[in-house]
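Each chain carries a letter (A, B, C and D) given by its place in the written order, and its residues are counted from 1.
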Amino acid sequence: MPKYIADFEHPIVELEKHLNDLKKNPSSTKKSYAREILRLEQEIDRLKVRVYRNLTPWQRIQLARHPERPQFLDYLSELFQNFIELRGDRLYGDDRAIIGGLANFNNFRVMVIGNEKGRKIKDKLEHNFGMPHPSGYRKAARLFRLAAKFHLPVVSFIDTPGAYPGIESEEHGQAGAIANNLRILAGLKVPVIAINIGEGGSGGALALGVANRVFMMENAYYSVITPEGCASILWGDSAHAPEAAAALALTADKLFKFKLIDGIIKEPLGGLRGEVLSVAAQLNEILLAALTELTGWDGEKLADERYKRLRKIGVFSEDKFYELAQGMRLIKGE
Amino acid sequence: MPKYIADFEHPIVELEKHLNDLKKNPSSTKKSYAREILRLEQEIDRLKVRVYRNLTPWQRIQLARHPERPQFLDYLSELFQNFIELRGDRLYGDDRAIIGGLANFNNFRVMVIGNEKGRKIKDKLEHNFGMPHPSGYRKAARLFRLAAKFHLPVVSFIDTPGAYPGIESEEHGQAGAIANNLRILAGLKVPVIAINIGEGGSGGALALGVANRVFMMENAYYSVITPEGCASILWGDSAHAPEAAAALALTADKLFKFKLIDGIIKEPLGGLRGEVLSVAAQLNEILLAALTELTGWDGEKLADERYKRLRKIGVFSEDKFYELAQGMRLIKGE
Amino acid sequence: MPIRDWFNKKKIRSPKQPTSKRTVPVGIWSKCADCNKIIYQKELFDNHFVCPECGHHYRLSAWQRIKLLTDPETFRETESGLSAKDPLKFKAGKTYAASLARAKKKSRLKEAVITGRGKINGVTVGLAVMDFNFIGGSMGSAVGEKIVRLIELSIAEKLPLIIVTSSGGARMQEGVFSLMQMAKTSAAIGRYQRFGLPYISILTNPTMGGVTASFASLADIIIAEPQALIGFAGPRIIEQTIKKKIPEGFQSSESMLKNGQIDMVVERGRLKSTVSTLLAMLTLGEAANA
Amino acid sequence: MPIRDWFNKKKIRSPKQPTSKRTVPVGIWSKCADCNKIIYQKELFDNHFVCPECGHHYRLSAWQRIKLLTDPETFRETESGLSAKDPLKFKAGKTYAASLARAKKKSRLKEAVITGRGKINGVTVGLAVMDFNFIGGSMGSAVGEKIVRLIELSIAEKLPLIIVTSSGGARMQEGVFSLMQMAKTSAAIGRYQRFGLPYISILTNPTMGGVTASFASLADIIIAEPQALIGFAGPRIIEQTIKKKIPEGFQSSESMLKNGQIDMVVERGRLKSTVSTLLAMLTLGEAANA
């Protein structure tokens, strides 16, 4: 399988290829050859740092969508034990774009739920590229309630381009299913911890994300609209997606600055590829700390804290004088 | 439209036809003609009394299924005011085999829900002959919960051959939908009153029928299985349905004797046809009494009473000696 | 009218694709944007901006809607001083600041929702009405905040809650701040609903995206005006995804009703009386049960 | 095994129409009723009556099932003295009395369900197991009563509840008394579930009608054995109604799983350990959360 390469990675890949070719054909004199190898290696390192330390939002989105990026099931198998999958919404289906069940995390018993995109093409189709139908959100709702009943914390992994925009999903109440999850999660009497591991595509992502603690991987994004969609609306051309991505302030660092998330999990240079080991320790620590803290709280406090977190989100201006003037006008009968 | 005539009504209809013919052709001498008319009228009355006062269970089922028998919407329009229909299960559909909404009944505000079969062929198709899909039961469940939230008594009208036995209805969880309604109704914190106005077809009917007070029309039936189904199983031939109907003890008088229902609404001789006026006063009285009594109770008491009613249903034998002996054998290690 | 006839009468109208951008034509006489018939402007006014010929429901401004629903002189606005900021200094093509300025001028509003107390046939309610003229009725921080404050006020004063939506969804110019208003408003509705107070939402053309997928869908009773466009994803996005045309009447009020997502489709002329009857049924008024 | 591989591995087996009347063949060597391969009887026994060749799950008696699920010598039966009466003096073709007598003789049971306390890997549970050999595992008054008494006992003693079903549905010979057991058991489950205790139901071949449409479907976790027939209406009634053949695999455990009605399909060999893990997850044991 050819390695997937994002546009902005081409210069690095070119140099790497050149280096490899050189290594395969040691034709030059030994001294200049070794020097050339060293030079190339240094250049690659410098380039990598320059590219990956200065990623634009759009470039981060490429990494968040990278086909080799670890997915929910990879984290599940690395960080959790004794996973028992619970399937179905008890209504109309078992949406494979959302997977959930019971598991152990260190000493904790938890309900773990996440978007799964699928890796191979067959899996991608089965998991619908991580885009849930209403059935998936309703399965999640069932599991949220089950978790609350049995006093199990909910740990959710967000990684979806968004809720599936199709005919049946609309007919079966996509909007209502998402809204219902927002309401359920907000009021849940157990700890809820959400981790955005890749794509946080709008309401379809938020439907697993109303939590007491929200974390993001360094190259994950969270957005009200896809940059492509935003660009289509504002420029009439999705090619402006990179600019839209920049305008939307959708990266982890921005969201952390805005205090919309609680922490960022650092990724290796170039973003996660294939394996989760490089972030497992961080994730483990962050989750363990959150669970340890939150399981000490009672249900009311957990729901209240979640509400308070949401309650204060928003930036707006408040013109008390205007309001007063409006009131006066009314009294004067204008 | 030709009037629908059940088998056992043919002798009556024959005589009535004869009488009509005679009336249309007054060819005889005046005296004998008048006498003949009178004789026929008396004979018809006698026959009617003989037939209708001695209905077999199977004959009652014919009346319960009679195409001219009043249906839920007829009672709704006669007995309730300001009906506002509430549609949809908020999941996948709006099943027209179950209709429900808010209404006034005398001084009460109630949630009224019932099976509707439809009268004309187009309506029958729309209402699926009164056979609900899971969506219908889930709509009912939503309205039950809404009633509980707003402290409204539930009045339900049962009239269904049964839950629809189809492919989609099974795939979409017919069994689970019915079970869920049984559980919800049993625990509902508002008064629930059920009236079986015609067919009480098995679990599909019971899903609207777990109530504090259950009434039946005189010619309604309530059965664990259709007589045809029962006959098919026991004789391998549904033609034995009349015998099965007798064996199943499914008529209102039997159920009242068994204390499974609280009252019977008397029907005019020959059963209800077309109009509900002849039973409206009785129904009004019975419902008013039940509502007046039950709305005085608090939610816990209502749910408790409903549970106690169910709890004692069942006829079985209990062999305490056998149980003891079993225990002894165990102790002796046999 | 006997109920059975009424049932037969109110057949679902063959739904057609809702029209999304129709404003009332100007002039004494004008042509209906839907049926093309010539209509007398005054008649349209008197008919609550519903075409007397074809029943097309023209879009109402928030204040027109408030006038339609509330008893005269009873509406008192709350939080009128609240309006949008620009937390992201958003610029994509044009700036958010410019969009806001233009919207204010065009709509004569400070934000895309008006909230307040008002009476509906004598019953005081908490009322929010969105206005599509203000950046497509989109929900940003200020809209979310106004709605949540109205919900909290309705809890405090034990008022029934009525929200009339008309919105393209979340306001993208505020990024994740807008997205989070979905969760914030839904959470507030969840709190409100613990108190056994009735929440009725009225969906008008169009109600899409983050508004449908939050407070609008969480009402005890959901009403829609006829032939409104209602859904989550926009029709164009769906067509791009499934790579075929969407069917006629898809995402219309009528199909939402058929698909079990809303309680009823109510024509504008019957809207106030319907809400009023529902309030009488769901709140403890003079005809109490116990 | 990494979870991803495990996911890829446990693909839904192409479901075929579940076989409904297969009993274990008799003899030292016998032919599997499903795959027709010759199997060694002892191997079948050791494999919990699952064909070692094709995985066909033969029906288990209630006592075999109890042996499979509970730790040795830990099961204590309750209400063993409870059995059916004949409230309707039912006679249709043959009498109910005769059916009961024959069932008792054939199954060596007093009723179609065994209830009691037992331990599953050390955890005490309330356990009910239905037996298809007793009038098709049908639920009459005694079965309903035994199940409700077990539920009440499990409430009183704060025990997890496990019910293994195998039933054609309600017992028609008791008429509406049977029908009402659906409501009675469902109501009791509703009460049980207020206490935050876990209820796991295990559906085995077949689970139909009034049993599926009551307590069996109300569990927190619903497990099914592979290729069991599970549904409400019988396949024949459906075929008569829709006037065509039902599709392959319809009403199988596997299609129930795909259709979102159950949590998992678990092979008999993994049943006890799965239930045990679930109990550990759902009850406050040694690895408590707080």
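Operating definition for what follows: a contact is a pair of C-beta atoms (placed from the backbone, for glycine too) under 8 Å apart; a residue touches a chain by one contact, two chains touch by 3 or more.
Predicted model only: the values in this text are computed from it and were never measured.
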- Item | Third chains touching both chain D and chain B | A
- Message: Taking contact as defined at the start, I'd like the list of chains shared as neighbours by chain B and chain C.
- Response: A
- Note on the structure: Between A-D and A-C, more C-beta pairs in contact link A-C
- Message: Let me spell it out: compute each chain's centre from its C-alpha atoms, then which one is farthest from chain B's centre?
- Response: A
- Distance from the CA centroid of chain A to that of chain B, rounded to the nearest Å? 54
- Item | Computed distance of Cα centres, chain D from chain A, in Å | 41
- How many angstrom lie between the CA centroids of chain C and chain D, rounded to a whole number? 50
- Which whole number of Å gives the spacing of the CA centres of chain A and chain C? 31
- Message: Show the residues in chain A shared as contacts by 2 or more other chains, in ascending order.
- Response: 90-92, 171-173, 176
- Message: Where in chain D do residues touch two or more of the other chains?
- Response: 259-261
- How would one label the connectivity among the chains shown: line, ring, star, complete, or other? other
- Item | Chain-to-chain touches, reported pairwise for every pair that qualifies | A-B, A-C, A-D, B-C, B-D
- Contact residues on chain A for chain B in the complex? 90-92, 134, 138, 171-173, 176
- Which bits of chain D are touching chain B when the two form their complex? 76-77, 79-85, 87-88, 90-94, 110, 140-142, 144-145, 148, 170-172, 174-184, 186-191, 209-210, 212-218, 231-234, 237-238, 241-242, 246-247, 250-251, 255, 259-261
- Task: Show which residues of chain B lie in contact with chain D when the two form their complex.
- Result: 163-167, 169-176, 178-180, 182-187, 202-203, 206, 209-210, 222-225, 229-231, 233-235, 240, 243-244, 247-250, 255, 258, 260, 306-307, 310-311, 313-324, 326, 330
- chain A contacts chain D in the complex at 73-74, 76-77, 82-95, 102, 104, 107-109, 119, 123, 135, 139, 146, 149-153, 295-296
- Task: Report the residues of chain C in contact with chain B in the complex, numbered from low to high.
- Result: 2-4, 7-8, 193, 196, 198, 220-221, 257-264, 274, 277-278, 280-282, 284, 287, 289-290
